[in-house]
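Below you'll find the structure I mean.
Think of it as A, B, C and D in the order they're written, each chain with its own count starting at 1.
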């Protein structure tokens, strides 16, 4: 799936490029878009499944810079999933140039107990694209 | 009262200066420091008084820029208070140079009803420095 | 002119609403959109006119809250302009509800000297919608 | 080395905890503190050595949450260094509890050519604590 975005001025830093702490935010936006597109936006996950998705691990490799006004794409998909954990892979692209790659690992929490639970069956099916 | 701070790199933008959206954050930090110093930190206001402080208005005049690594001070105090509303005035100073001035206007909410209430008597006394 | 936006999760705070320091960022996005639509995006202003636009004053009145996932609009326009200064007025709207209103005051700098200059004639015409 | 910090309200999100995108910022603050303590603050690296330090890789494992008002420590040190690359390891601690761990990988750029260079000899010595 592909999420499109433009660099905002307030995301740049004094080296003239997008500050690295914005990439986790871009990934979060892209995940939100992904969940929406598969029919399970956050609020549905929260309300229908009584579940919060949490972030356990984050990895980013920065290869090139993004500049104010740049249009870019984030290509993302599920790279790994078992009963408990699932991961997204991301490529940040400006045209054909790979700006950065990343991975995030997640689990589901019961919203009341705040304990990790198995990924709800229906969500697993959706994440798998089935 | 005076709150001291240093500019972080992630607060700068591509013009090489602190991005203007960080000043409301600096003011928030300074208010938190102020409330702590008068013996009513946020958590005490929340827990003992069952009250949230909300921001109603914000004004900032930007005169000079702050740069990465700059040490600066925020001079702040209560500029106005009646039964319901109170305001803080701020001066952002680098040495003797006025970088910016600002004002924020606040009210108190009952945490359960989320309705505006009179400023709790004890908090009003503390804010007045009496 | 109207700029449309959605609230991102990372823009919320522990009171469950959009943190107030994001509104200056929303205004900046809306201004960028405005300048693009009148045919003078920042880079054209910078490169063709050798000019930087700076922010001198910011005012915001917060009336209601925005929540994660909310879609909202920013209605903006030039509210004031003379030879040196110009201001934008903003209304943040969720449906028919006014969430916040704001104003920003700006001037133009010569990019080399960093001195305030008259608003370039062509930019003034564009800002005036003529 | 240990860097101390307090959670600011604007760093929290609607789950009531510090948003994950603030950890790279905390690491950046801690690195700045580290470089200062070894006698090579950024501006000295920039001005004396004509060098910019860039971030190539970022990894974070989130184990527990931080809350508004929490005081925490970041324990950091050089975990790896060769002629070109060096890495920092981080532990975010609240008392004895490990909140998160992280690693960042860096290289040095010549400020004019923007090309990767060997780590300047004097900087390598300082980073090694020798």
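Keep in mind that, in the parts below, a contact is a pair of C-beta atoms (placed from the backbone, for glycine too) under 8 Å apart; a residue touches a chain by one contact, two chains touch by 3 or more.
Keep in mind the model is a prediction, meaning the values are calculated, not measured.
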{"item": "Partner chains shared by subunit B and subunit C (touch criterion as defined above)", "value": "A, D"}
{"item": "Chain located farthest away, centre of subunit A as origin (C-alpha)", "value": "B"}
{"item": "Between A-C and A-D, the pair joined by more C-beta contacts", "value": "A-D"}
{"item": "Distance between the centres, which are taken as Cα means, of subunit C and subunit A, whole angstrom", "value": "28"}
{"item": "Distance from subunit D to subunit C - Cα centre to Cα centre, in angstrom", "value": "34"}
{"item": "Chain centre separation in whole Å, for subunit D relative to subunit A (CA means)", "value": "23"}
{"item": "Multi-partner residues of subunit B (each touching 2 or more other chains)", "value": "9-10, 21, 25, 28, 68"}
{"item": "Subunit A-touching residues of subunit D, taken from the complex the two chains share", "value": "15, 20-22, 24-25, 28, 52, 54-62"}
{"item": "Residue numbers on subunit C that touch subunit D, as the complex places them", "value": "9-10, 12-14, 16-17, 19, 21, 67-68"}
{"item": "Touching residues (chain side subunit C, partner subunit A) in the complex", "value": "8-10, 25, 28-29, 32, 41-43, 68-69"}
